[in-house]
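Next, two complexes with subunit A in common: one pairs it with subunit B, the other with subunit C.
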Partner chain A sequence: MYSSLVRLQNTFGFFTTVAFVVALLISASDFLSDRTPTVHVLKTTQLSTVLGRADYYSSKKEEYAVIKFTLDADLSSLFTWNTKQVFAYVTAEWPSAAQGNNATNQAVIWDTIITAPSSDHLGNFSPSKLKRLRKSANGKGIDPSRGKLQIKNQRLKYPLTHPTGKLAQTKDVRLKLHYNVQPWVGFLSWNQAQDWGKWKALKNGLSKKFTLPAVKVKEQAKKKTTTGGAKA
Partner chain B sequence: MAEQLLDQVRDVFEGQIDFEGQKLVENLVNISLSVVGAIAFLVGYFLQDIKLAVYIGLAGTAATFLLTVPPWPIYNKNPVKWLPVAGTAPPTNIVIDENMLP
Partner chain C sequence: MTSFFRSPLVQHGLGILQVVSACFMVWKGACLLSGTRYPVVVVITNSMAPAFDPGDILLVHRHPAHDGRVRVGDLPVIMNPDRPYPFIHRVVGVFYDDNEKEEMLVTKGDNNELNDSVGMMYPGGQEYISRREIMGFVRGYVPFLGWIVIFLQNPMRAIGALLSFFSP
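Moving on to the complex of A and B:
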C-alpha cells in the first residue's frame, strides 16, 4: 500500500474476490425460489405420415411424420432475477422396435427461446419485436408472463424421421415438453424427473400415447410417375 | 526548473503515503468493497433486478478506487520523523595513500 500502483493492484485484487463471492451468492439464491412448471395441455391435433427425401439429391425415400400439436404450459416460475433465458423444446419419443442399446427414440420437433427482459438486447430480434418485448417488460427486470406458452396447432419446426427411413404405424409415440434454464451466473438446469427442494418436477409434461398413421396412398402414386419419367 | 517539475510529477505518480496511511487504506479497501458487494447483492435480490446489482457493484468499486488509489492528504498525516543528519562538517583525519589530507 506504499505507492499508487500497489494500492491499485491490491484494490483490484480484492475486487475480484468480492465479485466472485457475490456471483456465488446470486447463483445460490436460485435455490430459494420456487419452481413449479406445469403443463395444462399437450396433445396432437393432426397426424399423418408422408414419403419424402432428406434433400434434393438424396435417392432414398424416407417416411416423415407430420404432426400438429397444441401446447398450453406455464413456465413462469422459472423466471427469477438470475434467469437469462429459458429454452423450451418438445420432443417426440417412442420405444425402439429392436430392444437393445437405443431403447428409446427421441427427436426434437419444436423449440423456442424465451428471453428474460434483462437479456432482450442479446437476442437476435428484429427491431419491431425488440420494441414489443421492451414494451411488454415495462422496464422491469423480470417478466414471468413470458413463461406462459400458448400454442395452437403448431407445425413441426424440424422434420421427424428415423435413420431406417421407416416411421409409419409406429406405436406408443408421445410428445414431451422439456426446458433448460440458463442463468446469468450459475449452472444450467433442465426439467427434473423428481422434486428437488423448492424445485418441483415438471407436471404433466407427457402427452398421451398415439400411433402414427400409414403412409398416404396418394404419395405412392406420385412416386411411380417420377421413376417412369427418369427411365425415359 | 525542469528537474524540479519532473520530481513533482514523479511524486504525484508514485503517490507515496506514510505507514499509518497504509494501514488505513488497507482497512478501507477491505471494508468498503465488502460493504459494496453486500449492498449490491441485497438490493438486487430484493428488487429482483440483476442489472441494478451489477451497476451498484461497479459504481461502488469505482468509488473505492477513487478513495484509495490517489495519495490523499489524510494518508500523509503521520510522516516518519527521521533523525537529524549527524555531522554536517566534512570529516577530518582521513588517510589516503599514507598522506594526511589537509
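Moving on to the complex of A and C:
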C-alpha cells in the first residue's frame, strides 16, 4: 500500500499540481497590468512599383512594390515581469474583391524582435550589443526604454509581391502595426481590436490609405547590389 | 477465484493500468478541448528562436486568437506529409486571388532568413499553403518542461544541453 512506487507517484502528482497552479497564477498576473500601446506616426515616405525580380531568390519577373516608411510607436507598456519578448511587425494590407467580405491581403514588410531584459541572453545578439542591452537595462527586470520604436525612412525587409504577379495601381493599401507578446508562462496575445479591461487597443495603428503607383520599368532588375539598394 | 484478484500481480497490474488509462484520458480530453490532434507540442528546432527554444512546450488550439480567417502573425502548426513532424512558424503573408478558392499563406521562422515558400518546406514543393495544412494555432507557452520529451527521444542531446547549461 505504501510502496516506493506509490510514494513516487504521489510526489510527482503533487509536483505537477503545484507547478500547474503556479503557472496559472503567473499567466493570470498578465491581466493585472495596464497595456497602453500607442503609435504616434506611421506613414509612407516613398512609393513605387517595379516589374522585375523582387529579390535574389525570385524565379520569375513580377510586379513588386518598393516602400519606405516612418514609424514612431511606444510599445513599452507591453513589457511586464512575465514578458519574454515582443514581436512587432508592420504589414501592408489591402482588401481583396475576390472572396467576399472580410478578405484582406496582408504581407509583413518589416519586423523586429524586442527582447525583455530576462531574455536578452536568448536573442542572437553580438557580444557588444548584448553588453549595451544589459547596460541599458541596468539589472532591472523591466526596462522602460524597451519597446520604443523610432525608425525613419525604413526600407522593406521582405519583398512585397502578390501571387498573381500584379501589384501596380492597387487601391486602398494601408500600413498597419501589429504586435505579439510572448510571455515566459501563459497565453500569447496579439494586438486586439477592442479594449479588454486594463489592456487597451493599439491607438493609431493604421496609416492613411494609399494607392500603389503604376509600374516603373527598370533596366537593371536582375540582382540587388551589395549596397542593398536597387538603382532607379 | 477471489484470491486471484487479490494477488499482488493483479493488484499491481491494475494499478499500472489505472495510471496508463488516466494519462490516456487526460490526453484525449486535451485533444477534445483544443479541437486538434496535437494539443501540446514540444519545440525541437531553434527556427523560432528567441521566442521558442528547444525544450519549450506549446499549447495549441484549433482557433487563432481572433475570429475567422488566418491572419499575419498567427503561429500555425503545419503538417507536411513528407516530414515526420509538424512544424510551427509564423504567418508572414495572406493572399487572396480571384482564381483560387482558398487563401494563400506564406510562413517563416523568426530565426530563418528565408520564408518557407522559398525554403521548400511545404508539401509537394508548393509555393503556398492553406488552412488545410494547418492543424491548429499556438495559444500558450510553457518553457523548459519539454526537455523530458527530448530526453526520451534523444538522450544524448538532452544531456549535452544540460552540460552546456552548467559550463561557464
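Brief remarks follow.
We take it that the second predicted complex is superposed on the first by the 187 of 232 C-alpha atoms of A that agree within 3 Å, B and C clash if a C-alpha of one lies under 4 Å from a C-alpha of the other, contacts with A are read in each partner's own complex, and residues count from 1 in each chain.
The rule is short, and it goes like this: contacts are C-beta pairs under 8 Å (C-beta built on N, C-alpha and C of every residue); 3 or more make two chains touch, one makes a residue touch a chain.
It should be emphasised that the depicted structure is a prediction, and the values quoted were computed from it without experimental measurement.
When the two structures are aligned on the shared chain, A:T91 is found in touch with subunit C, with no touch to subunit B.
Once chain A of one complex is fitted onto chain A of the other, the partner contacts of A:T80 are limited to subunit B, with no touch recorded for subunit C. By the touch criterion stated above, A:W184 is placed in contact with subunit B and with subunit C alike. Within the superposed three-chain model, A:I113 lies in touch with subunit C and out of touch with subunit B [touch as defined at top].
Contact with neither subunit B nor subunit C is seen for A:G165 once the two complexes are overlaid on the shared chain. Once the two structures are superposed, subunit B and subunit C can be ranked by residues of subunit A touched, with C on top.
Of the two partner chains, subunit C is the only one touched by A:N105; subunit B is not. Common to the subunit B and subunit C contact sets on subunit A are residues 184. Listing the residues of subunit A that touch subunit C in their complex gives 9, 23, 27, 57, 84-85, 87, 89, 91, 96-99, 102-108, 113, 115, 119, 122-124, 158, 162-164, 178, 180, 182-190, 192-193.
Contacts from subunit B toward subunit A in the complex involve residues 13-17, 21-23, 25-26, 29-30, 33-34, 36-37, 40-41, 44-45, 47-53, 57, 61, 64-65, 68-71. Subunit A meets subunit B in the complex at residues 1-5, 7-8, 10-12, 14-15, 18-19, 21-22, 25-26, 29, 80-82, 118, 140-142, 184.
Those residues of subunit C that touch subunit A in the complex are listed here as 19, 49-51, 53, 65-66, 68-69, 71-73, 75, 90, 92-98, 100, 103-104, 110-111, 114-115, 118, 127-128, 138-143.
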